[in-house]
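Labels for the chains are A, B, C and D, by order of writing; each one numbers its residues from 1.
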Amino acid sequence: MVTKGRIGAYAGIIFLLALPLFFPRFYVYIASLILLYGLLATSLNFVLGFGGIYQFHHCVFYGAGAYGAALMLTKTGFSPWVGFIVGPLVAALLSLILGLICIRLSKLYFGMLQISLGSLVWAVIYRWYSLTGGDDGIHGISVPDMIASANGAYYFALIVTGLSFFIIFKILKSPFGSVLQGIRDNPIRSEMIGVNVKRHQLAALVISGFFAGVAGVLFVVVDTTVFPDMLFWTLSMEVMIMCLLGGWFTFMGPILGAALIVLLRTFISTYTVYWALFLGIVLMIIIFFLPNGVLGYFQEKFRPKKLVKG
Amino acid sequence: MDFIYTFLSPGVLSQIFVGLSRTVILFIVASGLSLILGVLRIPNVFHGSLYMIGAFMAYTICSVVGGDAGFWLALIGAPIGVGLVSLATERGLFQYLYEREHIMLILFTFAISLVFGDLVKIVWGAEYKSVPVPQVFQGFVPLFGGLPFPRYNMFLLFMGPVVAIALWFLVNKTKIGKISQAAAVDREMVGAVGINVSWVFATVFVIGCFLAGLGGALVAPTVSVTLGMDHSLIIEAFLIVIMGGLGNIWGALLGALIFGLTQSLGILIWPQFGIVFPYLAVIVVLLFRPTGLLKSTW
Amino acid sequence: MLQVKSLTKTFGGFKAVNGANLDVKKGEIIAVIGPNGAGKTTLFNLITGILKPDSGQVFFKNEDITGLPPYIVCKKRISRSFQVVNVFQRRTVFENVQVSVLARENKTWNLFTPSKKLVIEETNRILESVGLIDKGDDISAALSHGDRKVLEIAMALGGNPEFLILDEPTAGMAAEETDRCIDLIKQLSEKMGLTILFCEHDMELVFSISDRIMVMVRGSTIIQGSCEEVRCNEAVQDAYLGGSDVCLM
Amino acid sequence: MKKTAWFSVFLVSIVGLFLICPSSYAAGTIKVGIVDTYTGPATAYTQDVLDGFKLAVEKINAKGGVLGKKIEYTTRDEKFKPDIGLSMAKELILKEKVDVLMGTINSGTALAVSDLAKKEQIPFFVTYAKSEKIIGEKGHRYVFNMNENTEMAGRAAAVALAKKPYIKYWIAGDDYEYGHAIADAIMNNLKRLNPKVQKIGESWWKLGEPDFTPYITQMLAAKPDFIIIATGGSGMVNFQKAAKATGLSQNIPFYQHTGNELGTLMPQGKDAPEGVYGTANYLFYFPESPANKAFVDEFKTAYKRYPKASALVGYMTAQFIAEGFKKAGKVDKEAFIKALEGMTLPSPVGPLAIRACDHQLELPTYFGVTKRDPKYVFLVSGDNQIVPPKNYMPTCEEVLKLRKK
């Protein structure tokens, strides 16, 4: 069984590496988008599905990372690679600040306070015209030649997301990850076995913010633009949907969810302008019948021994 | 009056009054949201869509009936229409979902709001719609040093307390109100004494949505009825409910007051960044009262 | 070892704990009894830092631990189980206990070593001692009620405590499970030398294993003494039996 | 590890579904891809662009198309979100291989797609986004603006307002790029044309603000001579309603760009305020030329409503695309662009030209004031004066200087 899984994983990696050789440019572009949204959703799921923190406005960090990198690239003379590192750091810092304010609250209250704070960040970016270009955004950001082409951007996204997924996976399997999942299941119990819950949650938020920032940087590389809409709450909702759709207690779930949403959006919109209607209906059906998400459903179905009840 | 003017200039006073009429709409919508949150525990994201549908229904009724009668009919008909829509969604979908995680419900209702957004476009089309202000409320009254105050806003100021008192009566003095209060605290117990909890929830849900429709119908004459009018409102309504304390109707009133007033007075203090004041108010409130100003039913 | 001095906690006017006193010596098994709503669980929450007392003090090994947060209390080697089952329900039994051991060994900030390579022996030893070793790979939500209660105790043991607080360890258990649990508690006390504070409604269990008993009524300590002292105490009879002259049990 | 297997099966089937998704176009046609917002308040304008475009395309195709090929188009709803719009534009270019892109009311999307069009070398017709940057600072060979921009609108308004006796101006508007740009353009040009003019104050509200009364009381208290309101979309109607309810329209004259336009006045019916100054690029009842009447009749027969300014934009874009290819003689993008530069076509509002230097369509502007008209169930623009393009358009030098920056 294990070897079969290994073979599957290697086949997947080879498929992803060879993708630009066989598919036209558009599909390479869509694949890059899936990778970056997959990373964004996974970074959210790190705190949502594994940390039990209701991070309602995750996209603030995605946008912060993107703007951080975009501003470094357009307004300063540093090497673009420096910008790519600064972006996630800005996101992590912002995540720390927002986390320090919100962490005292729990669940829905945490989420709502986060939405208000996030909306403030959005308003600042939206209003600070001289720095951020206001609602028009920043366009035509030039990235290094190596990663400027569609294939280059794809490979860059593939390497970065692959590395990020690996790191996040590692963290989840580490003692820190164990503690985090413990906190999700039962914060009071976690305190009582000697875990400083708030501090661990805060660290998780910072890590999550950092990787959201990485996803933001990838957006800059893939689409060479940034917009204030990247920090608007509706996008955060969509990312949350990606997590739940794929399965928020699974590692691969959010990636699958991201792939589903991106593909459905592209696929349905070629047929009808009412794609939101169909997307909404598909989502309703999935949430209605598969409460643990698509991947969660398969996991339940094929591993009855570890079935999670109530 | 002159005595008051020594403390507050006529401009500030009129700003406060205008803020209050905005408060009324926010309160009506947010109280419905709060009711649903408190009793059913559903964070209803498509509450905003219902508000929009209420406004569109008001438009349809007004343009079919015409004149002042159309307006009054719309004021009753549109919320009832919205109530029927919500009854269908509750019976068809939500009654199976009460035990789900909140976050699932949020996303489920978000999905419904996507569907409703497009359905409204299919039914009513893309053009801006406008509901005329009824004859009785046209024009304005000079208030506070002659600054004009629209008569319709006076009507709104009257409607606010009416709705608040009606809600108070409903929640505290009627059987359904008492049952729903009990159900909010302990669902199983209410079920155990032989009450059909499912229908109690349906009723509360419809009442909450009725309020969203009423808000939409009331706001319709003051704005252009357009697609997407739900977007900004729903976040504001949620913040108000959170600020006031989940499920607490008086909290919704207090939250709406704070929200409406910080918005209108913020403009006086710092016009360029008037937009951030209500958000700042929410942050300040939640920092000092993490579970809202008044007692939450959660 | 543990002294509680006139501890008070009020919830919106209701005095849940009102001047509770308790004195526990090393190696003892102490039971707290009292009718429902007497404030036993609140008392435990106050000792372990989940709630902050309004007044009064808690000393552990002559050190003031009043109002310290739970994770610090835990580091002083006080562990507890909960009345309502409180385990990490999406994780396996093994992981549940392992987290507890990891937390005690301050390894929770380790981000990159796979947990499956850490503290395996220690975790297995604890699972062995409570008899859950066979179920190590089960998701804890799928366990029977009794097993979950035992898992609770196992998690508490993960913190390598000197002082163990058990909140109704046998509540809801079937008869044979209760027996197993009693054995477990006795073992912990005898073999590992733990000091144990527990509350329980099952009087048989209380009188069979405890060294001393503390009786709480309406948030206050009525008496703390040996089983014999408590059994025929008038106030206790008042509280439990409405003032008859019959000794308890 | 079964889940990995299932996971891959699932993913492959989704990808497969996506790959077999058919092309939206038939072969051997000229393909036009439209990315625009068809959700939310903006739809009131974008629907007219599309319908105007459709009208012209159907006429062209009925006559046998261009170069023996039919013009085909497909739409994508970007929902006013630039990231979605951009990925849709990429889909149209890379997968559908469109010959021409057009669309969008959202300046953010327009700029992003314009940047893409430049890289992919696809002609892009901006239909209703009004950012000055589109052909200014960010302008390039492949982008065409078929609509006025904020600078043009501001200059046209300034030309008309400079003749009025007002001195003390108050500025207010939607607090976003469009509002500020249009207000700045009016004020800067007004000061240039009439140095006595001064700004005594300003107020800005968030986009989509539902209640304007507080702002209006603030303005009334300040007692300016004239107010310039820089709003867009639903804000236009909302403000006029509030202006009527508070009596602002009777006390202080104010100007709104597109305030006299059908899109603003029709929804309000007879209840719109009278005496509001406005500018518009198109009025279906003015000028009363046969060409205009013919277009209005045609549009009205097809869609049962009067055309708005955006309908004219869509209508003319289709004709320019058709004539561009006809003149180029082949479906070749470079030749097409060359052909369009300087091209003049007859239109409902008289001959319209695409300026060679910056690819801006030269549109006339109508300055008027709202009044009742017994012929219609809504208010119309009266006392219309035409501001011809040459009187207000920025010169080629001015635009090209922006590009160099």
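Keep in mind that, in the parts below, a residue touches a chain if its C-beta (ideal position, glycine included) is under 8 Å from a C-beta of that chain, and two chains touch if they have at least 3 such contacts.
The model shown is predicted, which means the values in this text are computed figures rather than measured ones.
Q: Determine the centre-to-centre distance between chain A and chain B, using the mean Cα coordinates as centres, and give it in whole Å.
A: 33
Q: I'd like to verify one number: the distance from the centre of chain C to the centre of chain D, where each centre is the average of its C-alpha atoms, in whole angstrom.
A: Distance between chain centres: 72 Å.
Q: For chain A versus chain D, what separation do you get between their C-alpha means, in angstrom?
A: Roughly 35 Å separates the two chain centres.
Q: Approximately how many whole Å separate the CA-defined centres of chain B and chain C?
A: 48
Q: Please list all residues of chain B that touch 2 or more other chains.
A: Where chain B meets two or more other chains at a single residue, that happens at 117-118, 121, 231, 272, 275.
Q: Touching two or more other chains, which residues of chain D qualify?
A: Expected reply: 38-39, 175.
Q: Can you tell me which residues of chain C touch two or more of the remaining chains?
A: In chain C, nothing touches at least two other chains.
Q: Think of each chain as a node with edges to the chains it touches; is that a line, ring, star, complete or other?
A: Per interface graph, the chains form some other shape.
Q: On the basis of the stated criterion, which chains touch which? Give every pair.
A: Taking the chains two at a time, the touching pairs are A-B, A-C, A-D, B-D.
Q: Which stretch or stretches of chain A touch chain D in the complex?
A: Listed in rising order, the residues are 1-2, 4-5, 8-9, 11-12, 24-27, 29-30, 33, 126-127, 129, 134-137, 139-140, 219, 223-225, 227, 229-230, 235, 252, 256, 259-260, 263, 265-267, 269-270, 273-276, 294-295, 298-299, 302-303.
Q: Going by the contact rule at the top, pick out the chain B residues touching chain A in the complex.
A: Touching chain A from chain B are residues 43, 45, 93, 96-97, 100, 102-104, 106-108, 110-115, 117-119, 121-122, 231, 235, 238-239, 242, 246, 272-273, 275-276, 279-280, 282-283, 286-287, 290-292.
Q: What part of chain D is in contact with chain B in the complex they form?
A: Interface residues on chain D, with respect to chain B: 38-41, 43-44, 46-47, 175, 202-206, 208, 210-211, 213-218, 220-221, 233-234, 236-238, 241-242, 245-248, 263, 266-271, 305.
Q: Applying the document's contact rule, which stretches of chain D touch chain A when the two form their complex?
A: 1-8, 10-11, 14-15, 17-19, 21, 24, 38-39, 74-77, 79, 81-84, 86-88, 90-91, 94-95, 107-108, 111-112, 114-115, 118, 131, 133, 138, 175-177, 180
Q: Which of the residues in chain A end up touching chain C in this complex?
A: Touch residues, chain A against chain C: 170-171, 173-179, 181-182, 184-186, 188-197, 200, 203, 249, 305-310.
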